[in-house]
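Some structures to go through are shown next.
In the two complexes that follow, subunit A is the common piece, with subunit B as its partner first and subunit C second.
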Partner chain A sequence: GYEITFSLLNPDPKSHTVDWDIEGAVNRFVKPVLDKLSLVANFSVDSQILYYAVLGVTPRYDKESSSFLLSAHSLPHVINPVEARLGSSAASLYPVLNFLLYVPERSHSPLYIQDKDGAPVSTNAFHSPRWGGIMVYNVEAPASPQTSLPLHVDVDMARVMEVFLAQLRLLFGLSQEEVPPEFLLESPGNEGLADWELDHLLWAHTVENIATVSTTLTSLAQLLDKIGNIVIKDDVASEVYRAVASVQSAVTELSLGHLLAAFQASKEAVTCSERAFFDPSLLHLLYFPDDQKFAIYIPLFLPMAVPILLSLAKIVRETRLRKKEPTKMD
Partner chain B sequence: GGMAAAVLLLLLLLAAAGPAPGRADAGRERRDALREELLLSPLPTGDVAATFQFRTRWDADLQRGAVSHYRLFPKALGRLVAALGVRELHLALTQGFWRTRYWGQPPLQAPAGAELWVWFQPTVTDVDKAWKELSNILSGIFCASLNFIDSTNTVIPTASFKPLGLANGTDHHLLRYAVLPREVVCTENLTPWKKLLPCGSKAGLAVLLKAERLFHSSYHSQAVHIRPICRDASCLALSWELRQTLTVVFDFFSSGQGKKDWSLFKMFSRTLTDACPLASQSKVYVDISPKNKEKELLEVSPPPTSVHEAIVQGDRRTYAVYDLLSPSLFNTSRSLNVQLKWKRPQDSSEMPIPTLHAQRYVGGYGLQTGEICTLIYNTHPYRAFPVILLETVPWYLRLYVHTLTIITKGKENKPSYIHYQPAQDRSRPHLLEMLIQLPANSVTKITIQFERALLKWTEYPPDPNHGFYVGSSVLSALVPSVTAMKDMDVEQSPLFTSLFPSSDGSSYFVRLYTEPLLVNLPTPDFSMPYNVICLTCTVVAVCYGSFYNLLTRTFHVEEPSRGGLAKRLANVIRKFRGVPPL
Partner chain C sequence: VCTSRFWFNYRHVANTLSVYRSVKRLGIPDSHIVLMLADDMACNPRNPKPATVFSHKNMELNVYGDDVEVDYRSYEVTVENFLRVLTGRIPPSTPRSKRLLSDDRSNILIYMTGHGGNGFLKFQDSEEITNVELADAFEQMWQKRRYNELLFIIDTCQGASMYERFYSPNIMALASSQVGEDSLSHQPDLGIGVHLMDRYTFYVLEFLEEIHPASQTNMNDLFQVCPKSLCVSTPGHRTDLFQRDPQNVLITDFFGSVRKVEITAETLSLDRDVPGLESKFPEEELATEPLKYAEQLPVAQIIHQKPKQKDWHPPGGFILGLWALIIMVFFKTYGIKHMKHVF
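This part shows the complex of A and B:
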């Protein structure tokens, strides 16, 4: 499953009072997309508003456009300081996708993101794979300098969700396909992604899962070869058998074209193989390597054994000499 | 290009199809509110105590798990409460000990170390599993070693620790209490605590919380309290309240440099510049109550915005109030530095004695047996009142309950309620709860003898250790107050008066903790295995080697040698001396 968190960052609550109807926006825009994707994974959505959360990078002032610019090479440094404020999702183990909406301070308004060529990005947003996306929402300066602070800002959720949903598609690997000019692409409608894109996603995940399972099980087999005296518990063994059976059924279903069944089988295979591989009883260091056993016993027994072996050798030499003597005397 | 067009098209369809909700005032009605408060109280010994309270109240129903959009309430705690079915959560991390005898009764005391007590919802089926998960998650959020809480230090009290928030039906099997006396509090516990505040430490009262001054103090306690409260007077709906409290006592000699005059800058090396923009109320209270019924001894500057009188813990007290949200406060200067000056030196001989205070120590000698003695003092001149004593003793001190004696004024005092649960080795500690009536103006001595157990060799701590800690015992009492207290509205009164729900106006609730104890357990000599190995190896080498040589040596005649190197060297020296050679 995945957890999706929408965060509104307001570094300057004295100047801006920002309101967003996140509940309504989630129900109208995000829920249909997630309902369609529910075949792939479970999703849970929540949101928060963080105050006094600043980006870690100071933007540069550009005189020609009289605005502040964040250059493309400073974008990787933005995420780390913000992540400290986002809070860990302590109550669950699912990976988190963060979508941040940043309203810049009055002293740094307006703020634009520059791409590699130096032109401002049209959506004023960027995303980071496996983490999420950040969008900068600029507030117009008040008409007259005497308006009282704080300014009240109502976020235009349609514009924001447009960008976030596009970023969500990219994070899932659904990029826009180039169609030849004779073909017309049907709009996906309310749900944000077409059936064939969902199928592509299922197929890609199934193949990835099968590859992961084979790598995990191979590593497990190699571990067993390296340490001869590992004890495999019964439940670990049954998980391994289940993983193998699920992988085989997934491959069969894929060849028959039943995508959904193949995906479920591959998901089960991954869960079983991970559970078997990460079982605490398989920890490598729990087992004594043989050379450590030698290192313990040698200092005790070697000093005692050396005189015994030497005298044994002497006895053998003497008996051999005595055996030869009668033949010599004769 | 094309992708953006496709998504734009879909959203235009959505925008046209779905009705736009009325946005005019949907965002303006707030369902959560923040109040912050700082209370400065000079203590009789010349020290000063500062208590910060940050209270976030959220009109939402976290139980049903439907709510997941957070604003002022921190998301980490909200998800924890919803996911694990927590009804009340109280976590306190404390360094130092509150000396009740010299400092008076604290507004909210916590035992040394870490203390966690939680009431779960009745819908939770496996309370122990939820408790274990909760302590592990909190250990991650607050960077404290709360993951050491397990069945050997968790108890289920039956009479103490009644819920402080709304409760319908109290089945005590939903309560868990654990204390870790060894836990140390430092900056890495303060930082995540500050991160939970909506304004962080950038605005409002929290700018004063700088670690280098806070930990240079005699007592430092930070706590988090989550409980459900009534949304309004009719109590038809629930709200959730999160209180974050921090109490710090600055020492007269080390922080005050021997002078009784205190100021915000002297205590925190910071001053206040503004209130948190998200707070609906932000106030500083200074306790200027006259002691000993004389004229005011304490003078505060700058002049306060108002003066508030309240009956707190049975006494009538006066407070100077600085309202950070009132525009007149920052007119003259940009920062607020509250200064406390004494008009006349205070007589140190007239220190007021608190009505209820207690002491605990270990008696006996040697490493086999001992005795835990608790002394409870009731200094009220004519009123008697009952007190509930909760003692949690680890399993390795084997208590003998037949040696329990309670003596008041020379006579035996039988408790009206005793709940004792004996320990099980390595799985459960001792739990002793008693309801004792304290006569007026008396000292009650409670003694119980114990025997120290021998642990398994892996259970001993490393060599340089303090000993084994026994957690503080808890005394809960409704102390009769000198002046009658009126029922106050929680929203209007200062935060430090509404910590504990008051049932009637004639007494106030107090929870005191005694000192933690340190005991030494009989420790075996851990160098013996090494000694045994050395001795055995020596004996084997020497005796075996000699006997073996004697038994198997063969003797044969040896030719006299021409002389080795030593003989030749000796001959050379003899030639020099002119003596005939060997």
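This part shows the complex of A and C:
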């Protein structure tokens, strides 16, 4: 499953009071997309507002456009300082996708993101694979300089969600295809992704899952070959059997063309094989090199064994002597 | 990872905390750092300056401050926990901060310090980890694609023996001394009364002070740190398992965190006039009372669980044989007539 977190960053609460109707936006815009994607994975959504959270980078002032610019090569350094405050480690054990909305300070407004060629980006947003996305929301300067601070800002959630959902699609690997001019591509509308894109996702994930399961199980087998004294518990063994059975059924379903059933089977195979491989009981701590064996056990057992062995030898000698005597005597 | 405890090993804790600080300064967040320390320095009754750990003479820099997040402290720093973190075989109840959640695109930096010997590293004065176990753990990480590239730095006596046995690809290793040499400590502080840092780590940290998140220094410079004249021991390194040329590897690849970022060039077009959607599946309205606290946690179950009875096994063949031997020898040497007195 995935955990999606929407965060509103307000570094300057003295100048802007930002209101965002995140619950409504999630219900109207995000839920249809996630419902469609629920075949692929489970999602849980939460949101937060962070005050006095600044970007780690200072933007440059550009006189021509009288705006502040963040250049493309300073973008990678923005994420880390802010990530510590996001609280994603407390959220859940699932991978977290963070979507941040940054309202720049009054002194740094308006703030635009520059791409590599120096042109401002139309969406004013950027994303990082496997992490999430950030969008900068510029507040218009008040008409008259005498308006009292703080300014009340109502965020246009539709515009924001358009960008965030586009980033979500990109994070899942679905980019908008270029269609040759004779073709008309039907827009998926509010569901965010078309059926054929969903099929493509399912298919890609199924194949990836099957490949992962085969490598996991092979490496588990190799591990057992190398380290002889690992004990496989019964439930680990049953997980492995289930994983193998699920993979086989996934492959058959794929060949028959039942995409959904194949995906479910492959998902189960992956969970079973991961549980088997990462079972806490499979830790091999017993490494006994030969010199350690000699060094530890010989001083322990040799002094004890010497009198026993000598007495054994004495017993054997005595019995042999006694056996000989009666025959000799007579 | 700092593998020693006790007051006289102050310098190992100071080493680890200083490296932790540098790595945080260069951008790696706490959620990406697993710090294992015995953590008995700052509040040690022998510490003349309580709640501080200094890394430099004249007490310039307190490396133990408010934002040090120790993940495994005190008796939790064991070989078993260390191997569990590396291989990922952690019980499901472990919190997220104690796990190594890396994937096949993560670069991992492992820094270990403590007392070591030829082929082993001593953990907490009671157990040890051998270089073979470490190499096997790395191999398991590789099998599960838990790292993209791994940098292993070790500052102990005879540290080079710890990386001799690595055989998984994409590992680069640095050690403070060769087999047969001891790593020496840097400077004692007369106010605190112990040595504050080890030499190799001290010079590595001086080197790292000049690195900032956007710097382009590469690994070859790190290999030159601490020559024999300054360090007395000969630092070693191993790059044969590494795919790229160390010349091309940036320090910030491991010590800092620079994320790959893409500009979002597309947007979706959403229909704005959508009213609040009723969810497709009508939820049944269940009139439920909120669960009382006691019902949520099965506390009664947890408290009254009897300890699991270990099954009794009859003694095995070896023990029986040993005892039979001892008894037979006794009676043979001293005569059978004693048997009467026993029974």
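Basically, the second predicted complex is superposed on the first by the 284 of 330 C-alpha atoms of A that agree within 3 Å, B and C clash if a C-alpha of one lies under 4 Å from a C-alpha of the other, contacts with A are read in each partner's own complex, and residues count from 1 in each chain.
Heads up, the rule we're going with is that contacts are C-beta pairs under 8 Å (C-beta built on N, C-alpha and C of every residue); 3 or more make two chains touch, one makes a residue touch a chain.
Bear in mind the structure is a predicted one, so any value in this text is a computation, not a measurement.
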Which superposed partner A:H127 touches (first subunit B, second subunit C, both, neither):
second
Check whether A:S219 is in contact with subunit B, with subunit C, with both or with neither, and answer first, second, both or neither.
second
Is the number of subunit A residues in contact higher for subunit B or for subunit C?
C
Kindly classify A:S175 by the partners it touches after superposition: subunit B alone (first), subunit C alone (second), both, or neither?
both
If you stack the two complexes on chain A, which partner ends up touching A:D279: first (subunit B), second (subunit C), both, or neither?
second
If we overlay the two complexes on their shared chain A, which of subunit B and subunit C does A:A72 touch? Say first, second, both or neither.
second
Please indicate which partner A:D115 is in contact with in the superposed arrangement: first for subunit B, second for subunit C, both, or neither.
second
Under the stated touch criterion, which partner chain does A:E162 make contact with: subunit B (first), subunit C (second), both, or neither?
both
Tell me which partner A:D235 touches in the superposition: subunit B (first), subunit C (second), both or neither.
neither
Where does A:S311 make contact in the superposed view: on subunit B (first), on subunit C (second), on both, or on neither?
both
Is there a shared patch on subunit A that both subunit B and subunit C touch, and which residues make it up?
24, 28-29, 84, 88-90, 122-123, 158, 161-162, 165-166, 169, 175-176, 187, 189-190, 192, 307-308, 311
Of all residues in subunit A, those that touch subunit B in their complex
5, 13-14, 19-24, 28-29, 44-49, 51-52, 84-85, 87-92, 122-123, 150, 154, 158, 161-162, 165-166, 169, 175-176, 185, 187-190, 192, 300, 303-304, 307-308, 311
Can you tell me which positions in subunit B touch subunit A when the two form their complex?
1-4, 6-11, 13-15, 17-18, 21, 23, 26-28, 68-71, 74-76, 79-80, 82-84, 137, 140-141, 195, 198-200, 202-203, 277-278, 537, 540-541, 544-545, 548-549, 552
Applying the document's contact rule, which stretches of subunit A touch subunit C when the two form their complex?
24, 27-29, 31-32, 35, 72, 75-77, 79-81, 83-84, 88-90, 93, 113, 115, 121-123, 125-131, 133, 135, 158, 161-163, 165-167, 169-170, 175-176, 187, 189-190, 192, 215-216, 219, 222-223, 226-227, 277-285, 287, 289, 307-308, 311-312, 314-315, 318
As the complex stands, subunit C meets subunit A at residues 27-31, 79-80, 83-84, 87-91, 96-97, 103, 105, 130, 132-133, 136, 140, 143-144, 213-214, 257-272, 274-277, 279-280, 325-326, 328-329, 332-333
